[in-house]
Structure formats: C-alpha cells, structure tokens
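Just passing along the structure, written as structure tokens.
Should a chain be cited, it is by its letter among A, B and C, assigned in written order, with residues numbered from 1 in that chain.
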Amino acid sequence: MTDAGSLSDVSPVPRLEESLTVQTERAMTEPPAGDVVMTLRDVAVAFGGRTAVRDVSFDVCAGEATALIGPSGSGKTTLLRALNRMHDAERSAKVTGTIRLGDLDVYGPDTDPTLLRSRVGMVFQRPNPFPTMSIYDNAVAGLRFNGVRKKALLDEAAESALVAAALWDSVKDRLKAHGSTLSGGEQQRLCIARALAVEPEVLLMDEPTSALDPIATKRIEELVGELKDRVTIVIVTHNMQQAMRVSDRCAFLLMGEDKAGELIEFGPTAQLFSEPSDPRTLDYVNGRFG
Amino acid sequence: MTSVLEVPVDPIVERRRAVQAAATASLGRRKLGSRVALGVCWLFLVIAVIPLVALVFYVTAKGLPAWNAEFFTHSTTPEGVPGGGVWNAIVGTAVITVVATAVAVPLGLLCGLFLAESDGRTADALRFTADVMTGIPSITVGIFGYIAIVRNFGYSGFAGAFAVGFIMLPVIIRAGETAFRGVPRSLNEAAMALGARRATIARKVVVPTALPGVITGALLAIARGLGETAPLLLTIFGNQYLQWNPTKPMAALPTLIYSYSSQPYADLVQVAWGAALLLMAVVLVLSIGSRLLAAYLRKERR
Amino acid sequence: MTTIETPVPRQTRRGGRWSLPDNGYRGLLAVTAILFGALAVWFLVAIVLQAKPAFATLGFGWIFGRVWNPSHGLYGLLPFILGTLESTAIAVALAFPIGLGTAIALAFLVPSRVRPVLSTTVELLAAVPSVVYGLWGLIVLAPIFRDTVEPFLTSVLGWTGLFNGPNNGPSLLLAGVILFIMILPTMVAISRDVLIVVPVEQVEGAMALGATRWQVLRKVVLPGARTGILGAFTLATGRALGETVAVAMVIGNSPYIAHSLKSSAATIPSLIVNNFGESTGTQLSAIFGAGLVLLVIGILVNSAARWLVWSTGNDSAGVELGR
C-alpha cells in the first residue's frame, strides 16, 4: 500500500484516506487539530547524568494516533515511558521539562503516578498477560487495581474492551481460561483490552507489533485505527511503513552527536513523509539510514 | 473528540468517570496499604539482620576473655584446675575434618562429574538422593556412624570422620555437579573435535574451568563439617588428653562446647565460650572467604 | 543436556601423560556413583535393622505412647514427637512471614548497592554452627526469656491458654525461637531467588495499569512465585526438623508432653543425644526406633521440598548450606 519510493508521484490525499477507517470523516490534507490532550515542552530524560533524549516539544491531539519514529537509539521508547512516569522506578532517572495531561502537570509535586497511570495506559513490546490469571481476570486487572469492585461495571468494561480489541468473539466462551492459551497476537490484543478496560484518555504503545507475525501485526494496525476515537494513541515504531499506515502525526527523533536523542521534526504524517522541513527527516523517510 | 464512531460515546465516558471516581476514592487507602505492607517488609528485614549481629557480638564478648596462650596450647583440664585450654579439641577437630575432607571431596567431585555428564533415570535418582541427604537430621547420621564403625571398631576419630564425611558428601556432590554443568558445552565439544579422550577433557578442560565453583563448594562443605556436633557426639566419645591418632577416641570443639555448656562450673563455661568463638570465627571466615573467592573468580573470568 | 558420543581414536600417549581410555574413565565415575548409592542404601538399611527389635518386641503402638519411662518398660514416643513438631511449628510460623517479608525487601526494596551485604548477613546465619546457637541460647537468651520475654508474652497473650505455668528459661518457646533464627536464611535465600526471576514485564505491566507497589507484589509477583515460595517453606521446615543440638541445649529436656509454650519439653534428637550413652537392650532399640521415626519424617518433608523447588526450575537450593 505505501511505499517510500512512490511518495513523490501520488498526492497525499488518497493515501490518507486509505490509511484511515471508514467511520471517520477526514477529507483534508491535514487532519484538523482537535483538542490537545497532552503537551510536551522542552522535555529531556537523563540517567545518572547521561542524557538519553532532549529538546522534545510537541502537542498530542485528541482522537489521533501520534507516532514516534526514528532509528534505534534515538530515545523514542525512553520518551514514551516518560509520559506515564514509568521512569519513577529507576533511581538514576531524571525527567525535566513540562509534560501536561490536560490541566495536570504530569511531574508536578501533587500528581500521583498511580492515578496518572489510570489515565495514561501502556501496551508493551512483548505481550505480557499475567500468567496466573484467567482471561477475564486479566481484562479487569487494571480496574481491580484501581479499586473498582462492582461486578456489573467490571463485566461491562471487560466486554467493551475485549470487543474493542477484536477479541471478544474468540474468548467469550472461555473467559476463565488462562491467558497463556492464546496465541501471540491474541495475547497482545488481550493486553490492549486490559489497558482499555480502565478507560484511559491516552494509550501509549511501545512497538506493539515488533514481536508478532505479519498477520497479527496487520490486525493490530487495524485496531489502532479503530481505537483512535476512543483513546488518543501515542505509538513508538521503528517501522516507517507502519507509521505511515496508522498515524496522523509523527515525531521524528534522531540521536545527536552527544549520543542523546532529539526531536528533529514534528508534523502531520503525510507532510512529514512527502515534504519534510528538515533534510535529516527526508533522508530517514527515504531509507537512507535506519 | 470530533469524529463519529460506531459505538456511541456515552457509555465510555460514563465508565471513565466511574473508574476515575473509584480510583481517586480508593487512592488514599491503597497507598496507605502499600506503605504499611512495605514498611512491615522493611521491619522484617531488620529483624532478620539483628540475630547475626547479636550473636557475633555476644560470642565475641564472652569468648575473647578466654583466649590466652594456654587456651591454644594446653589440653583440657578438669574443673577447678587452672591453665587448661582446648588444644586437644582443636587437634581433634582438625584431624577429623582433614580425614573427612580427604575422602568426601574426591569421592564427591567424581560423583558430581558423573552426574554432570549423565541424564538418565539413575542419575536423576542419585541426584534426588543427594539433595534429600543434605537435609536429613544430623543425629541420624551419628547413629549410622555408631552402628557402622563404633560397634565394630570402638569410638574413634575415624568414626567421627566417617559421620562428618557422610554429611559433607552430598553437599560436595551437588556443588560439584552445578560447577561442572556450568562449563560451556562449546569447550567440551572443541576438545572432542581435537580428538581428546574424555578423561583428558575432564582433566584439562572441565575441572580447571569449574575450579572456582568447586573450590567454593568444597570450602562451604568444610565449613559445614566443622560445625556438626550431633554426629560426633555418638562417635568420638571425647578425650581429656591430646590425641593425634584417629583410631582412638578424640576430643573435638563442638562436642566440648556441648558438654561444657551445661556444666555448673563457671570456668568450664568460659572455656566453652572461647571454643565457640574460635569455631564461629573459623566458620565465618571460611564462608565469607568462599564468597569473596567466588566473586573474585567470576570477575576474573569476565 | 546429553553428551555427544563421537568416536574417539584410541591413543596410548598424549602430551607425555597417560590418560584413562574413555571406558576406564566412565567406569571410574560410575563406580563412585555406585559407591554413593550403596552408601545411602546402607544408611537406611542399618538404621532400620537396628530399630527392628523394638518394633518386634513392642509392636507399633509404642510410637504414640504418652509416657517415656524405661525403668517401667514404657517407651512412649509421643512427647518427643510432639516436642519436635511443636518446636518446628513455632519456628516455621515465625520464619514464613518474616522470611518472606525479608525476601521481598531484599529483592525489591533495598538499593542495589546494599543488597549483597544484607543478603550475605542473613545467609551467614546458616553458617554458624548449631552448637554455638545452643550455647548462646542457653546462657544468654534463656535468662532474658525467663525474666523479660515470657512475663511480657504471658501478660499480653495469656488468654490464649498457651502461656500457662511458671516462667522457664529453657522451654518450647525458646527452642522455637532459636530454630526460627536458624531456618530464616533458608526461607529468605530461596524466596528471594524465586522473587527475582519473576519477569520484569509482569511488574511493568501491572504498574502501567495504576497498581501500587504492594498491589503489584500481591497480585502479580507473589502468585507467580507461589510454588517456589512453598518449596522454600517446606525446605525450611525440613531444616527445622533436622536440627539437633541447638534444640537439645535449650528445650529443657523434660520427657513429658508440654502443656504450655513455657514448659520444658523434649524432641526426638534431644532424647537420642541424652540417652544414647547409657542405653542397652530394648531401650537402645527404642532409641534407634525413635531415630528411624525422625528419619522418615525428615526424608518425607525434604523430598516434598525438593520436588516443589525443582518444579519451578530453580536450582539455587542445590548448593546452599543445610544443617
């Protein structure tokens, strides 16, 4: 469908329409900037004095999928994990700059990380369903962690999330079975459902398809398109084609000479891939390095 | 959100509100619970560390005064007679441990090598036996030593060494097997490809590579053997006088401590403390030393 | 791990040192393995044979007799079996929570630089000889127990009925506490090892959902390490059962069934140790029988422990110190 080589021949419009789901209405070159869900200003992450990523500033718009792209080592995952304060567990980690979720200062002194993570969910590279729990228990695990007890709410959320993850039909008759009985792609969708059940406002996805086979990958890419309106998605991917397929905006990061990743360019996907402002972006999307 | 979806937005927003309400409401309780639970774990850690500190402190405080020149050079004297020491017990412990080690270590390592190279049902059974044997009540080993040796040959240092060796053997077997299995297969295969015999491979490749683990395991087994009392109580009978000959009854530090501890005579109890400090010091030095050795050798290999 | 059976050319001399041909090498190893196996068998057979006369003369019921009075021909083992089980129960009841909590602290809470020092400190408890524990317990702890700990516990927990009677230094309680200290390193070391191997992805997955640290531990880590922890618990129990000397020195050696935690009591090992020298005939045989009973209990518990620890694929228990 998309090919970096054919970027110059076709106008961006049809490609955009091909990459979006039918329900959404976007007939413009550039997706309208909706409400801003998260803002990043001068964000940097350092581990024990060594900067891993710096000078990151952009806005994440609601109802969109924003991709973080760039070659390996450019700090994409480090940046992603800063958004839901996963670096808190690492003693030597220091996050500077401002990250806001709506009105909330993510790293503010009054912000509780546990509560934050109920609003910003995460799906990891390798599927990680809890092995001692059944499929149902996995799906509602996040809800239970957050103090939800009412069975009706749990059941409703579980079903909704599993439907959204395109898993409901295969598992609805065996909700008590263990998560390990599912295939790799299904396990990842279970993890997505688990994250969705908590009804977060933002869903972070860290290379969610890199451990999966092509068919499972395609299902999940389709899922991203379907889920965009329910949760805003920020997805890290090292696969340029995937970024083109699923995302509305892209942030391109590159490792600088000081071995720290920095944001080179941010903008609508179509524009970034066809007429980027920075020559380095052009080189990357043309496959000159990766 | 500006776009139109198949599923109406309302249930999701409703659920989101319900979840956030539950999350905020329960947050205080959850965080407090977490802090309390983790605080209890910290408390338990402190509780776990205190006994060793207290033990070392007390034994040193009470045992050090007993350490003088006579303590290390004279044999035991009866109650009330001054100038006694534990030299005969030191000799006894040393001889018994040396004999036990000399038999248990080679035998145990060869067994360990066998198990490292075998995978059949017999090997599994032997491995399981060795594991279980490391934990059986030591008094039963003493009984065995009595039945096997004392009944036939009388109380002796050999009987004690037999019992102590019996306890050390499974520890060395398992330590040895673990060390030998740790040798990378590539080394074995390379040697075989060069045409070397299995025995040569073992001698020149497997044993040297596994040596750190073997030495550590042997030191730990010796430390354990030094501290065993019950097997000795039934086999060596004790001896007031200096005795180097293991075919005769001997004294040993653990048995001396045991019998003196319940005596009503303060000077004997003092001797017991001194012996306890000596025994504890040697065992701790061996244990710590073997750990440091293992760490050092591991760093060397990297 | 199967070894490769490649044909090796026979050589008589290589590099100046004669080496065993392969058959001889394997033969030697096999002989040592057989020797070891034979030793284990001999051990079992010897004890069974020595205990047989007691069972022949007294039947089987004597094991559960309540009175031990050899001069009257009474050889009830129940007081000693109970003493063994009760002191072990106290030790294990303390070691399980405290050991697990310590393991959690070591695995997750302690800064990584301090971890080796603290771990080693706890593990070194296992290296200290049993008789040193006994001496310390008898002379240092017993008076403290008699004068401070027991009165305190009686005033606080007396209503449970477990603390009747006079305050004793050497007692079931003291024996239980000493045993607890001795088996703590086992519980801690093995639990810590199984906790550490829970995949970090599980932990991160739970954290990302909004779980507190304790929630992560309780719902994800501990269930994942369940079998290993049970193995640690069983192994610690086996250690407590096998412990002889320290217990014999602090339990008071009273051959009656204990009525309170403060009573003096006795265990099978203390029975054997105290009576071995003077026993003859039926009494000696009864002592051997007691040893056999202890051995059977010890083998059963340790076998269960090994099976549990093995089934988690965790080999760390294989080389640790035992007693």
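Here, contacts are C-beta pairs under 8 Å (C-beta built on N, C-alpha and C of every residue); 3 or more make two chains touch, one makes a residue touch a chain.
Everything numeric here is computed off the predicted structure, so don't read it as measured data.
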Chain-chain pair with the highest tally of contacting C-beta pairs: B-C
Label of the chain whose CA centroid is most distant from the centroid of subunit C: A
Length of the line joining the C-alpha centres of subunit B and subunit C, rounded to whole Å: 13
Inter-chain centre distance, subunit A versus subunit C - centres from mean C-alpha coordinates, in Å: 51
Of all residues in subunit A, the ones touching two or more other chains: 114-115, 118, 146, 198
Subunit C, residues touching no fewer than two other chains: 210, 212, 215
Residue numbers of subunit B (touch at least two other chains): 23, 30-31
Complex interface listing, subunit C residues touching subunit A: 111, 199, 201-202, 204-212, 215, 219-220, 223-224, 226
Sites on subunit B touched by subunit A in the complex: 1-7, 11-12, 15-16, 18-20, 22-27, 29-31
Touch list for subunit A against partner subunit B, complex: 23-26, 32, 34-35, 62-63, 112, 114-115, 118-119, 143, 146-149, 153, 156-157, 160, 198-199, 201, 229-230
Subunit B residues touching subunit C - in the complex, by the definition given at the top: 23, 30-31, 33-34, 37-38, 40-45, 47-49, 51-53, 55, 58-59, 62, 107, 110-111, 113-115, 117, 119, 122-123, 125-126, 128-141, 143-144, 146-148, 166, 169, 171, 173-175, 177-178, 181, 185, 188-189, 192-193, 195-200, 202-203, 217, 220, 223-224, 226-230, 233-234, 254, 257-258, 261-262, 269, 272-273, 276, 279-280, 283-284, 286-288, 291
Complex interface listing, subunit C residues touching subunit B: 1-4, 6, 8-9, 11, 14, 19-22, 24-26, 28-30, 32-33, 35-37, 39-40, 42-43, 46-47, 50, 97-102, 104-106, 109-110, 118, 120-122, 124-125, 127-136, 138-140, 181, 184, 188, 210, 212-215, 217-218, 235, 238-239, 241-245, 249, 268-269, 272-273, 276, 288, 291, 294-295, 298-299, 302-303, 305-306, 315, 317-319, 321-323
